[in-house]
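A, B, C and D are the chain letters, set down in written order, and residue numbers restart from 1 in every chain.
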Amino acid sequence: MNSIFLLLNLLPILFLYQFEGALHVSLPLTNEFTLSLIQTPLGSFFAYLSLISFLLVTIAQKSKKLSFSYYALQFLLSLAMLAIVLAGDFITFFIGWEIMTWSSYFIISKSNNMNIKSLQKYILFSLASAFSLIAGIVIAYSFANSFDFVAISNSFESMPFNIKVALIVLFSLSFFTKAGVIGLHYWVVDTYSKAPDLFSSILSAVMSKMGIYGLFLIYGNIIGYHELKIMFGTMLNGTDFGYVLAWIGVATSIIATFKAITQDEVKKLLAYSSIAQLGYIVAVIGFGTSYGVAGAMYHTLIHTIIKLLLFINVAAIVAQTGKNKFSELGGLIYRTPVSFVMLLIGIIGLAGMPPLGGFASKFMMYNAAIDTKFALILIGMLFSGAASFLYCYKLVYGIYLGHPTSKSLESTKEVSIHYLIPQIILALLLVLTGAFPGAFIKVINPILKEFSLSTIGYDGLGVMQSAVGNFNGFFIISAFVVIFLLILLLIWRIKSKAKNNLNRFDISYCGEVPTADTSLHYGYGFGTELYRIKFVNAILKRSSSHFYESLATQTKKTSELFSRMYYGNIHNTMIIILLFFSALFFLGVN
Amino acid sequence: MSLGYYFLLPVIFSFLTPYFKKLGSFTLRGSTILLMLILFLQTLAYTGVTLPQISEFSLKPPLGIAFILDGYSLLFLLIFTFSALIVSFYMVWFFKANKGRDEARFYVFFNMLIAGSIGMILSCDIFNLYIFFEITGICSYALSAYNKDKLGLESGIKYLIIGLIASIFIVFAIMLIYLQIGTVNLGLIAQRFGQIDPKISVLIVLMLFIGFGTKAELFPMNFWAPDIYQGSMASVNGLFSSVVAKAYLFVFFHLFYLFGLNSKYMLFVMVIGAITFLVSEFTALNQTNIKRLFAYSTLGQLGILFMALSTNSSATVSGALFHLTSHSISKLLIFLALGILIHKFKSAKIDILGNFKSGFLTIVLAIGFLSILGIPPFSGFVGKILILKGFALTQNYAAIAFILLVSIVEAVYFFRLTAMMLDKKRTKISVPIGFANYVVLSVLAVLIVLFGVYPSLLTHYTDLATNALLHPTNYLNYALGVGL
Amino acid sequence: MLEFFNSTQTIHTIIIIGSMCLFFIGFYGIATQKNLVKVLVSFDIMESALFLFFIGLHYQVGLVAPIVDSNLKTFTNMVDPVPQAMILTTIVIGLAVLALGLSFGIEYYKLTGRNDISKMNELRD
Amino acid sequence: MNLKKVLPLKHILLSILSSALLLSVLGLLMQVKTNLYKNVGDIFLNLNMQTATANAVTSVVTFFRGIDTVGEVTVLFLATSGIALMLSDTQRTCEKVVKQESFILNVGSRLLLSVIVLFGVYIIIHGHLSPGGGFQGGVVIATAFLLLFLANPNMSLSHSILTLGESLSGVAYVLVALIGLFKMNILLGNFLPHPIGEIGELVSGGIIPVIYILVGIKVGSEMSVIVEYFSKEDYYKEVCDA
């Protein structure tokens, strides 16, 4: 089953490769609708991103026995995403969007951890996103008389200002919901943590990117950064609009970062981290400068790679140990060394440390903030970037370092090769994206042209230009590799002299000797100290769940109120009909 | 072929039913299927001819009564005959599974329910229309009381009382029309309606509104409707939802546009439709009985249709007619599938019904749910987007926002049901599905998908229907006997 | 005095007043009565009022029943036959629905011992 | 005596509402002029000579608005089916008990039966000549059976004959309509000869008396079935209660 769908997943990639950017299909659906597929540089970037992610996840899925319907739905999901990114008009886009919604819903419902509440959360937010999208689409249609991107883009200028704002708000709301911007992220954490483990990687790495794609499509392609500048005016070197968006993004990333640190469930931490990382992208996407777009694009790529890597890694560990909490894991470094290395590479990227791709993308974004002179935004981004070190550390410590928290962990074996293959590929990709930023700029330049922004220079494959000087990724990574090898050698030298294989009870604290059931793993409590900081405490204590739950309660109350009318008394029903007649009679006739 | 067969053939079959019964249940079931097949094929044959078609009784109109088939009624005719054919196949399974029921009388009411509904949409004479209204009414009362248990009888009585109220108002309106205009021919009434005393015309419109609005389940007059659905059998509910309610809706808008009331009462009907939609969708959240839940869902969808059909813009009306067709198919699918479950579990409680185990039923039910919610690639999506598009073209953004917001409420209970079906933690009991049901439900599901991915199949007919509804000149000419 | 009563106008006025009074007596009945039989009877009263109203308004002084016989050879000066035909139809329909309603009521009464329509609330939210 | 119990506030309010409605409807109807246009009935009267039917109402019922009558007959048929569905004794548990019958009433009602049925038949077959017709005659015939049931509760009718009458007359009625379609190319066309000179004679008016006779048979048998079901109901009720 797996092999068949692996081949099937290859097909769209080949299909796309075949067309070489010249894909242009349109199918008449009715007299009014045509489905059209057009391959733009932006679209094919996201198309390859999602298709390759699906391929890698499918490889990892070989280790699990999954049903035909699971694979079929996942394949449908990949096609739906392809339809989204290749769409040339809003009907195709929306059809893809909705098929993505329900096919992912059915996959998520196959998880054993799933409950109705979380499923409801997921689907309602997805549908709210879709409905706000369709509202925007039909409003745009009412002016352009067409669903075509180009036609809508052409008629956008002539729309009244309030309609323009309404369109921007509706589309942004829709895509923010998918990307999990703070306030609209209520569904994200629950869904990511309860979905099937490997599918979480697709949710986080690919599906949230569809929101980002939508934002690019709206701001860059349909409205155009130039038009945004005209509409809202400029501020420093960026736009007013971008400034507001940047604050939304920065707030998202700061809040989600702190929330991530205090999570106990591994996948919840990754979910919050995903929200935070997408916050960065949202922050720079509205700048309207080449560096902003390039940074957002670069980070989109890096985040996809990292989240695939981390989620597959965690899925493997969960499958191997059956545990998914930091408080239950620990000390796996000797048992699953390859996984450990992979996770280490992943978090180096996630934290944005040099030399991997994570640094290059963060650098590009900071660079964009410097370029537009949004100093406060830059400070916020740096702050949340620094704070993200904490959860990265928690991730690696909680799972691999320290002591195993239970006997069963001590006999854990290395995870299945099917999990490792995609991880190794992704880790290599991460290294390559760090080493050759120029290659990426080469990919991005056509997109910048598509948005009619100036292109960014690059110097060979290893060097990209920026506002604050050139960035030579290849040099940095070479230097790091050399230093890393030296340190490794040093450690190896020292270690060979040190005493090996300590027993976990070879310690004593305060004169007490720990027993077998004493928890020596502090992964569980990691981050609780943060509550003492007033600012962080204020963030952590608040939650949007209150708002949404009270909304649900209100709805239920309304429903009960209305349902009281239908209490089955035909006598009163008759009286109501007669009274209604009388009322209309006196109102209408006299 | 004459249009009169649509009424006369079922009548003959019904009159002969006691003799079919003597020949055995095979003949009885077979004859009904045959009848519905004939009607459906005849309708298919009518899709190829130029419209409108007319067939007169005794005299040519405007003096005599005639059946007129225009684009608008053709669409409904297709829906009705198709639904009837599907249900007649389904009932084979039903009566095999439930031995010892009074099969013959069920078929009598079933045939005449369809014939009455078809008569309502074909007749060009308002008094004749009233008679078909009563035929449909009597059949629906009898069908809802068919089980002869407490709930069935209660729903039968409730339906009958409501039907009496509606018919009193309609009779009064017809009498006033005859007193004022001196005829009951729809064409002549339409021609002269603007010239009568405005106060009386308001009274007539009001009475027709109350009469047909009550039956078409509009808000302040629909407190009875969920009770009827709850007390009746699932297959009958399917008919109520996809045939009977639609027939009343047909008449409502037929008269609405024919009498030229659209400019004066458009806003009123739209608001009433919106309130119906809002209240029903919210109320549906609170249900524990599945039949009741889908009754509210039907009310809600009728609310949307009332909103969209009253707009007088061809884009919206065409979308609404598409949505109506898709809703008929989807609701029929859902109710028939639920009938299988209810038969197995002997209960209509949602909690109990969630325990079934059948991949086939899960898939077809999910298709039905998604279609009603208007999610692509199912037929409901095309209808909904066409409606929204129509509203957008008339710059009616409030309606768009309203429909979308309430649709989220609708999604809450639909996906609660879906989640319940998919929930692995429930104790699952496998449900046997007869061969006939596999065929019936697959056909419906395939149609939903087909209309979703290839809507041109249907938009041809909805466009015809829209044109006929909004510009009834041709219809009027035929009803007046001009140019015959 | 008698001539006053023999004018079409007067007859119509009397018929309108009488039938509408009857109609709204029925209206009051269906709004207040809870016994199923009484409700059905109220409906019948309303229907009868409509029949009276309709037939009555189509009578004009000097017109005769639309039947020819040995004395009357042509169809002139006759009342409109259509209302009569329509009323005939409506009467039969009313009778049929009423009889069906009564049979429902009987069966329901046998099952539950109730005939109060406001207490028929097993079907409810 | 508690006034509130006899006349609750709700009833007072509803009666006030009814009166208000009455007054305004009256006010509306009084001031409105009727007969703005020529009634279709007057045109029918002019056309009526062609049908060669002495009773214009009959020709309207059976011919000009013939499809109404098919529907009407169907409604009656459906109501009968519904009543039979509800009140048929297939699932009844209690036994039939023979009830005491009065000899005089029994004989007397049987004597009267023939007279009443004859009267009914007369009304039916003179439907196109004089007031009355299929519906009226059919109901008269049913009253004869009602009398029979009142006199003798153990009496029962032969359902197969009634069903036969009901079905065949109904089918024949529809066939008459269809023959019209084939012969005259119009449904319910008057395909039998109906010379205008024969107006007022028993055999005149083409299909009109035929239809009214069929309607008479149908209504007679259906009403008899209804009457039987309802009178038996009372009988079963007593027996079951005891």
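Simple rule for what comes next: a residue touches a chain if its C-beta (ideal position, glycine included) is under 8 Å from a C-beta of that chain, and two chains touch if they have at least 3 such contacts.
Predicted, not measured: the structure shown is a model, and the values here were computed from it.
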**Asked** What chain is the most remote from subunit B, judged by the mean position of CA atoms in each chain?
**Response** A
**Pair sharing more residue contacts (C-beta pairs) when A-C is set against C-D** = C-D
**Item:** Geometric centre distance via CA averages, subunit C-subunit A, whole Å
**Value:** 71
**Prompt:** Cα centroid separation between subunit C and subunit D, in whole Å?
**Reply:** 15
**Fill in**
So, in whole Å, the Cα centroid of subunit B is separated from that of subunit C by 30
**Residue list for subunit A, restricted to those that touch at least two other chains** = 563, 566, 568, 570, 572, 574-575, 578, 585, 589
**Request:** Any chance you could list the residues of subunit C touching two or more other chains?
**Result:** 27, 30-31, 57, 82-83, 86, 89, 93, 96-97, 100, 104, 107, 117, 120, 122-125
**Fill in**
subunit D residues touching 2+ other chains are 14, 17, 21, 25, 28, 34, 39-41, 44, 64-65, 68, 71-72, 75, 78-79, 82, 86
**Complete:** Touching subunit A in the complex, subunit C uses residues 27, 30-31, 34, 117-118, 120-125
**Message:** Could you list, by residue number, the parts of subunit B that touch subunit C in their complex?
**Reply:** 127, 131, 134, 137-138, 141-142, 145, 148-151, 153-158, 160-161, 163-165, 167-168, 171-172, 174-175, 178-179, 184, 226-227, 230-231, 283, 286-287, 292
**Complex interface listing, subunit A residues touching subunit C** = 563-564, 566-572, 574-575, 578
**Prompt:** If you look only at subunit B, which of its residues touch subunit A in the complex?
**Reply:** 157-158, 161-162, 165, 169, 199, 202-203, 206-207, 209-210, 214, 220-221, 223-224, 226-227, 279, 282-287, 366, 370, 373, 375-377, 381-382, 385-386, 388-389, 391-393, 395, 397, 400-401, 404-405, 407-409, 411-412, 415-416, 418-420, 422-424, 454-456, 459, 463
**Asked** Touching subunit B in the complex: which residues of subunit D?
**Response** 25, 28, 32-41, 43-44, 47, 63-68, 70-72, 74-75, 77-79, 81-82, 84-86, 88, 90-91, 163, 166-167, 170-171, 174-175, 177-178, 180-181, 186-190
